[in-house]
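Structures for review follow.
Both complexes below contain chain A, partnered by chain B and then by chain C.
Now for the complex of A and B:
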């Protein structure tokens, strides 16, 4: 019987840890009022100098591996400031912890790693410090235009410093293209024709895989098509995930999926890794970081890949979307806003540090200086047959649409996409109708959450 | 004098009561409290009384999830308990040569954490590389898509049966060991063979243990979470966020930021489990 007891114990324990975690998150709701944002008037140079020479410790939450290398350079320049690096998990895990700490009113870091797409989620709750008083606007020219748009809030606040980016391109298997006589498609029409030709020539190969669990890639394709799915303005929210551009994307991929000319395997799973290595997918529509990722995850195919821009809707006006990349943001409630802001600035603007990110962490940079730096763009990538992949993506970065915005509840938007459009993609259903359902779900959610939704 | 032993007894159960209050009653009470509010991204927290419960009762996605786990319970649990019963009777019969090995082998899957079990099965079910898929490829038949819409519940049932049949077998087996040997002797003298003994002595003696296993299974089925949560990664469009009620509550709290509503959903789920457990008890005790 002791076995039986311990078994029940384990089950209950599981459900209770869930309950306790829920309770913790809940408790957070009734936490103390958020501290006021710092005054908007600029902080004087004297104050900045004093803050940077006073012995201070700040905490930095990041998942970037080996970031100590970059932090050490900051310490060298500002010996008085000690930066404690904490790995609070990657992506969602980190955000859940950050949200909990913010609501609890204690335990939040001074500076945190935040992906572009999560900035509105955190700025909605006033959790990010406006960096304008600390001289952020003076650094504007250093960054690629679209990244600056991504960190700018609806009232012109600067909410973070861009760190790395993921302009989207097409990585393709040159050997498969050659074998079946396929040209690199310049337009989406060419791409569809190539998909038909390739799959007919070898039914075991698909021109690409559109993962039904990857709303981030889908958002990147919507971005490229010029969709204005989300427009955030305080509590007023423009929602149009099924606007004309989005419908165009949905019809296109829905058609290819229904004809079974593309596969829809979930990505970053065993099936998918195997597909990349075995040549099941002839292209991967991905971000600049995808080229680095492949080097490690598809070793068997080294030398067979090449990179090209995404196929275009209008070849006369090349546009790209972005997938991924992150920023450094200063978190509301920090006791050392000056040191924190200057650390975030240094980490992402100092030439030596940003350059180190491209070599030590293989980041794709957000600064104009590095994207024009021959030492970066001139690198020949053996995995891509000696192609200058960085140079190609540096060019693509300049074509990323500047106007794209993210919703203040990305988790919900992502989940609902998978359950509507993703489901239709795998099932061969009507994807355009499915994004209509996506729009309905998001509208209901946003209204329930107190937003005023405008089309 | 007579009250003294009772006082001592309370002292002994105090550690339990303390833990029970801190780790069970307190979070439960807190969740109940929270379920009466609504926290919005815009506009903050307001008291809404029982609105969350009213909403949950009309929530098609929640009801669909409850229906799914109920179906799961009705199909998977009888199969699992029959397997457990058969193995327990076989091991107890004394006719098996490697009884200890069989007992241990059947029980072993229970020692494998359900996370590991699910990951293993996820590999076995894989549509491109799983053994079944490879076999189909060799022999030229189309293997069923075990992670597809039509098969997923079956695949889940298979994992859970594998994990818990041995555990239930141990419960039944230990109950069998408590049957007094005189009864078997008496039966033997009356000329009963092994099948008769099993049917007329062992199975009736197992009633309380079977009931216990059944109640555990009610709770286990309705709280299904870890297995679907892990398979979600492999079948993201089949297992949606409301596939089981527990999964739904989890996603409401941590994806949709609707912690208050999630608390209400959890409470209703608890109520459903209570009712089903009661019905099971009522039906089985009436038959006696």
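Now for the complex of A and C:
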């Protein structure tokens, strides 16, 4: 992974430093503020119409199972365009392939599935096409605000269309809560007290499991706490994975882990699945998709779960983070950018298609229309005792902090987190000190890659 | 010869045997369980319900039976690669061992040096070359790089040097046999144990190859079983749209994927055993 990141190359970054320096000289301030840059000349409607009626084949890399159903709806509307769906693997596998193909200059797809957190990684290498000339800005109102922030680049470019999301909440075992007289905690203080009470009542049960191998969930918790860990502006990079909010999160979980009031088993492993099924963990702090995932992986516990928002730092101002979800991006080098961009747009904005994603693939939507659609929110989930879980998470989605950004080297950030904070969590070490070490490692890495790091 | 027994060694061997069979045992047990039982029953013993047959059916029918296709792909890749690599290694090893030609020493040194370079490190440069040649995302992208086995050549060189006496070649030449005839009618028979060892090594190497097909192939129709199973596994745990039900198929698929390898080893046992010990005793 680090190999792939380092292939971004120092030279390209250095050549970009010149531009950044010039911008700084003009009085642009550093830090999180974004310098808007006008989009390239918009593509005219006549060109769009021509492109969509000319027989064309585009390739779409995605891991979404049965996505042919949605693609068929596109084909129905635009019969001239043939979309070849290629399942090039999920997550890291897919990105490894994509990078290799981009590096080789051939074999990359026209449109690819990319998770929100990897957009800066691919936009740094100019691998994503700015969608503004193809009318992306007109769709802005369709998407939940925070998802639009996630696909917007530092210069105001639109790098992808949001497809599905993972606003975070708390899934909990109502039966265990009842048995031990635990109230659903509204604040993190309540949560810590509940953890103590529950573990004292039954030493075999932990209020939750913070997986020491899961930087994605940790980032979600930092996100909720209001951390501004990464701010990208050209080659200038704000890096503060140990800022005040992040430190608050680290102190909190480090304390609970040291007292052994929570467990730190790695997730998506045998032990962890067993823990979910046996009632070792009384909650799972997870994303909206977690509720779907549980129905398959913890069948034995059907009906015992309920969902609630994450406990809050400030109950007067509820905030959530996000974990997971993905987008459709158009890949640089495509010979049919108009068809590719319009396909990505259709796939994520057409009401029928986006709705199908929520039923056929159980996606948690990114569009305002679906999150307000009674057919979606009104569904009663038997696994959760008939609770309207979608409705709950739709509400949570509206509270996700809009300011969070991802670093252009997420692989490195994840790896370093696991080796510092993850280790401290399992070893009962000082997690706040560990995220200090995380910050140091990342700073050294970023400078090595040619970034100018500002705190 | 008096047979000697050592209790310590026997216990040591048994411990190792348990150590090596342990994961396999887990795999066998796990593949008899449904996804629900997989995570709610003790991992190292069978659950009440025996779901192996159902799991096998699920493995072979999921997503239009792509598992069977991946198995067939792996079989084709592994057999062609192993047969090709073995022929090349046998020919070259014999050549290096019994013909004197200019540059033999340095050339041999160069080839042996490449044993040190892991194929994973070469995967990306290979991709760039293949992409120039337009071979990316075709079965050739997996087969061609697997046709060369420097380690196999090394093994065959040693084997040919020791197992084929120079006098034998002299005798054949005096009898008027051509070089090709000597190779195919005289030498080849004595090289078989060595070749089978190389065959098994390269068979296992291609069967287990992951990174090369991962980056070379984008189309699931060409996937070998390693990449295919990994994509299922990612699909089973990968967050949004994850299909945890698939986990039982991943486990069962893993078990089924090693059955052909075990069969190959058992069938070719008598050859490779003698191949492994060749050269251990100097005449």
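Throughout what follows, the second predicted complex is superposed on the first by the 416 of 455 C-alpha atoms of A that agree within 3 Å, B and C clash if a C-alpha of one lies under 4 Å from a C-alpha of the other, contacts with A are read in each partner's own complex, and residues count from 1 in each chain.
Please note the rule applied: contacts are C-beta pairs under 8 Å (C-beta built on N, C-alpha and C of every residue); 3 or more make two chains touch, one makes a residue touch a chain.
Just so it is clear, the structure is predicted and the values come from calculations on it, not from any experiment.
**Q** State whether A:235 touches chain B only (first), chain C only (second), both chains, or neither.
**A** In the superposition, A:235 touches chain B alone.
**Q** Output check: A:96 vs chain B and chain C. Expected answer is one of first, second, both, neither. What do you get?
**A** Both partners.
**Q** Counting only touches as set out at the top, which of chain B and chain C does A:201 meet: first, second, both, neither?
**A** Neither partner.
**Q** Contact-wise, after the overlay, does A:86 reach chain B, chain C, both or neither (first, second, both, neither)?
**A** The answer is second: A:86 touches chain C but not chain B.
**Q** Touching A:274, do we find chain B (first), chain C (second), both, or neither?
**A** both
**Q** Between chain B (first) and chain C (second), which, if any, makes contact with A:104: first, second, both or neither?
**A** Second partner only.
**Q** Just chain B (first), just chain C (second), both, or neither: which does A:419 touch?
**A** A:419 contacts chain B only, not chain C.
**Q** Tell me which partner A:213 touches in the superposition: chain B (first), chain C (second), both or neither.
**A** first
**Q** For chain A, give the residues common to its interface with chain B and its interface with chain C.
**A** 96, 270, 274
**Q** Spell out the part of chain A that touches chain B in their complex, as residue ranges.
**A** So the residues of chain A in touch with chain B come to 1, 3-4, 7-8, 11, 14-16, 18-20, 22-23, 25-27, 29-30, 96, 124-125, 212-213, 235, 266, 269-271, 274-275, 280, 408-409, 411-412, 415, 418-419, 422-423, 425-427, 445, 448-451.
**Q** Which positions of chain C touch chain A when the two form their complex?
**A** Residue positions touching the partner: 35-36, 38-40, 43, 63, 124, 127-128, 131, 136-137, 214-215, 218-220, 227, 230-231, 234-235, 237-245, 247.
**Q** If we count contacts the way the header does, which residues on chain B are in touch with chain A in the complex?
**A** 23-24, 27-28, 30-31, 34, 37, 39-43, 45, 110, 122-123, 126-129, 149, 167, 170-171, 174, 212, 216, 219-220, 223, 225-226, 233-237, 240-241, 246, 249-251, 253-257, 259-260, 262-263, 266
**Q** Touching chain C in the complex: which residues of chain A?
**A** Where chain A meets chain C, its residues are 61, 63-65, 86-91, 93, 96-97, 100-101, 103-107, 164, 166, 268, 270, 273-274, 276-278, 287, 289, 292-293, 296-300, 323-326, 361-364.
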